[in-house]
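Should a chain be cited, it is by its letter among A, B and C, assigned in written order, with residues numbered from 1 in that chain.
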Amino acid sequence: MADIIQAENLIFDYSRPGSEETETVRALDGVSLSIEEGSFTAIIGRNGSGKSTLAKNLNGLYLPSSGRVLVNGWDTADDDRIWDIRQTCGMVFQNPDNQLVASIVEDDVAFGPENLGIPSAEIRARVERVLRQVGMADYREKTAHLLSGGQKQRVAIAGVIAMEPRCILFDEPMAMLDPQGRAEIMEIIRALHRAGHTVVLITHFMDDAAGADRVVLMDQSRIVLDGEPREVFQEEEIIRAAMLEPPLAVRLAARLRARGVELPPDIITTERLVDCLCRLR
Amino acid sequence: MLRDITLGQYYPAKSRIHQLDARVKIIGTLLYIVDLFVVQDFIGFAVLGAALAAVLVLARVPMGYIFRGLKPILLILIFTFFLNLFMVDGEVIWRIWILKVTKEGLYLALFMSIRLVLLITASSLLTLTTRPISLTDGLERLLSPLNRMGVPTHDIAMMMSIALRFIPTLLAEADKIMKAQQARGADFESGNVFRRGRALIPILIPLFVGAFRIAGDLAMAMEARCYRGGTGRTRMRQSVFGRVDYVALGACLVLFAAAILLRVLY
Amino acid sequence: MSIEVRDLSHIYGQGTPDEQAALQDISFVLHGGEMVALIGHTGSGKSTLVQHLNGLLKPNSGEIIVDGTDIARPGVSMLDIRRHVGLVFQYPEYQLFEETVAKDVAFGPKNLGLDAEEVDHRVREALTLVGLDYEAVKDRSPFDLSGGQKRKAAIAGVVAMRPDILILDEPTAGLDPGSHREIMEMVKRIHDSTRNITIFVTHDMNDVAALADKVLVMSRGRLLTVGSPTEVFSHRTQLSAVGLDVPPLMDLLGDLKEGGLPVRTEIFDLDEAADEICGALKKQKEK
């Protein structure tokens, strides 16, 4: 399928107050990345690796210092297309508290469609549909600040899909959640991908990245690995140099192979490793 | 403690009062507040109190919520009560030590307390029965004539709506910071006014930093969701001014006229 | 040094329609030098419990005896409690407020009424202990530090009060794996050097397995069990019933065992697990 996002030789600089004068920091240093429509890409990296900055360049929240980003063929620097770009590429953020605009769940979900100028009856229908989609239909009249972190994040996702974006960028949506909230959100992300959305997931949890079609590893403002999960996760040294850890199954499988156990090369999930080992006996 | 503040909170229910157009409720509340200041005797308060009680029953908001709204002002209430009770000169009816209670003082103390309670109850009833979005939409529409004079009514309404949304978040944040500084031995309860004022710095600075962080995050989230001001924006909830709304507005105006009449006649 | 909690109960909103027991009949004893993990589902009462240990909340009934004194009793000096029990909240970096890191860390010790020299000494000691370079950071604004450094500076603010009991509420929340590891290593370093009682609240079962001597498991306001990590994690199904996991490695070994490969499941180390699996596979082949 065609590429929905193309980033070409992206450079992004920002300035911050240093000890003496303001210093310029290069957050992205020549990043090129194409996202195929309908794919599920995980972008992983430690804090400060540039992964979040990259995501914010993909829907025109940040504009590149040099290089360019095309979304559906539109340049993010084109002022006339910026709203089309953001409607095409929705974004869910890290902090569940700070992205809900309205006090009541359904009013918040309606915020995006309202901004797009969609007729009232259509907004109501969309709100109903997306709240059901994320399992929050029973909470439509509830006050947002009283929900759990996972529930708030589900409302935030509903607010984004109510704009009917083709692509959704998730900027570390699970970093502030407990294990249960994490699992809920991951489940919804997978379901959205199955439903045909293009998904870009920024995360520092390796296990979440294992379910993606493609894993992009960022370190020090550059892409250092890019490929299918089973390829990327074999590069234990590069991953460790980037201060991350491959998933448990990959690490254990490597140790077993070193001890002479014959295992297929494509093991990245715990289920698969257990399955392979049980068949060996 | 800070969590008790119900300022701007909404209580979801399907009552007649909830279903009224926000504009009626805003105008009604404003008229009612004016009524409270127009009325000069207890008969007037009895009428206004009865009217508010009727609305309370119709609104089906549990009394607990109303009382909780009054709790934070309890201190102010007691303070003004005693201030009036002891400070007003007149016919002495009771004397304790150097303090004297006068007839006029007692009258004024009761008068002020009733006024304050009715005022707070009426205004918290407005937010309890009106969704923040409807409230600010209503306000925006009421202010819309000012738009032609260059007043950014949409922006004002949006700011209000965001403020209502983040009051509970900031209160929770303040509560957390306060506890954290207490855990580091901070003392907010003793010392003179100056010391106490200084003791607030460890709370206020993190709170401001936090508020700016929230503001930055929120602005970005709003942009990502295509917010670009009021132009071209639609609303999920379209308010239609119905017959019930006219009746309710009429009732408010009748009450207002009655209050004026009472004042003029007596 | 010890802390003993006896029949602690706390009810939120007593007398109102939404009355709710946040803690019910909690009892346990901790001794000096113990590293304790407190685990439980969100809303199980962990945060409410730790706030009691620090005197920020008062129980409706029960006793909290720190070194012979019941700190739940009315009239106990709060400052005395805080001298003994230090509490680091979640996302502590959001509580930094001073112009410089050194001043911020000094806030706690100053509140304890220590003299300037002792305060300086404590600040230097605490910053070094959390793994920050005292000379490099002391005059910097805490707001200019990186995320992980900010958190360390905030933790130093409590460490500088030299509490006999140090409580950290989810010290690794929101961190990436590298910073996560650094913070947990720091917790261990502080514990090793002070030999105090350290209690950390966490959702990460790997940290529990790697660091804790004792685990407190909370569910719905009650203390479900107390035991060593090995004991607690051997009850995989019971834990899962209250929404808790065992460490991922134990989970994997448990799945293998259920799949018919006879392995021990109480293993927390990857190499040890690999040896165990190889051994089990070999035995199977010999049969």
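In this text, a residue touches a chain if its C-beta (ideal position, glycine included) is under 8 Å from a C-beta of that chain, and two chains touch if they have at least 3 such contacts.
Being a predicted model, the structure only gives us computed values, none of them experimental.
Taken together, the touching pairs cover every possible pairing of the chains.
A count of contacting C-beta pairs for B-C and for A-B identifies A-B as the more extensively joined pair. In whole angstrom, the spacing between the mean C-alpha positions of chain A and chain C is 30. With centres defined as mean CA coordinates, chain B is found 41 Å away from chain A. Against chain B, the residues of chain C that register as touching in their complex are 16-17, 51, 54, 56, 78-79, 82, 86-89, 92, 94-97, 107-108, 111-112, 143, 157-158, 161.
Chain B meets chain C in the complex at residues 62, 64, 173, 176-177, 179-187, 201-202, 205-206, 209-210.
On the side of chain A, the complex with chain B involves touching residues 56, 59, 61, 83, 86-87, 90-91, 93, 95, 97-104, 106-107, 110-120, 123-124, 127, 141-145, 159-160, 163.
Within the complex formed with chain A, the chain B residues making contact are 9-10, 12, 131-133, 161-162, 164-165, 168-169, 172, 213-214, 217-218, 220-228, 232-238.
Listed in rising order, the residues of chain A touching chain C in the complex are 17, 19, 46-48, 148-149, 175-176, 178-181, 204, 206, 243-245, 248-249, 251-252, 255-256, 258-261, 270-271, 273-275, 277-278, 280-281.
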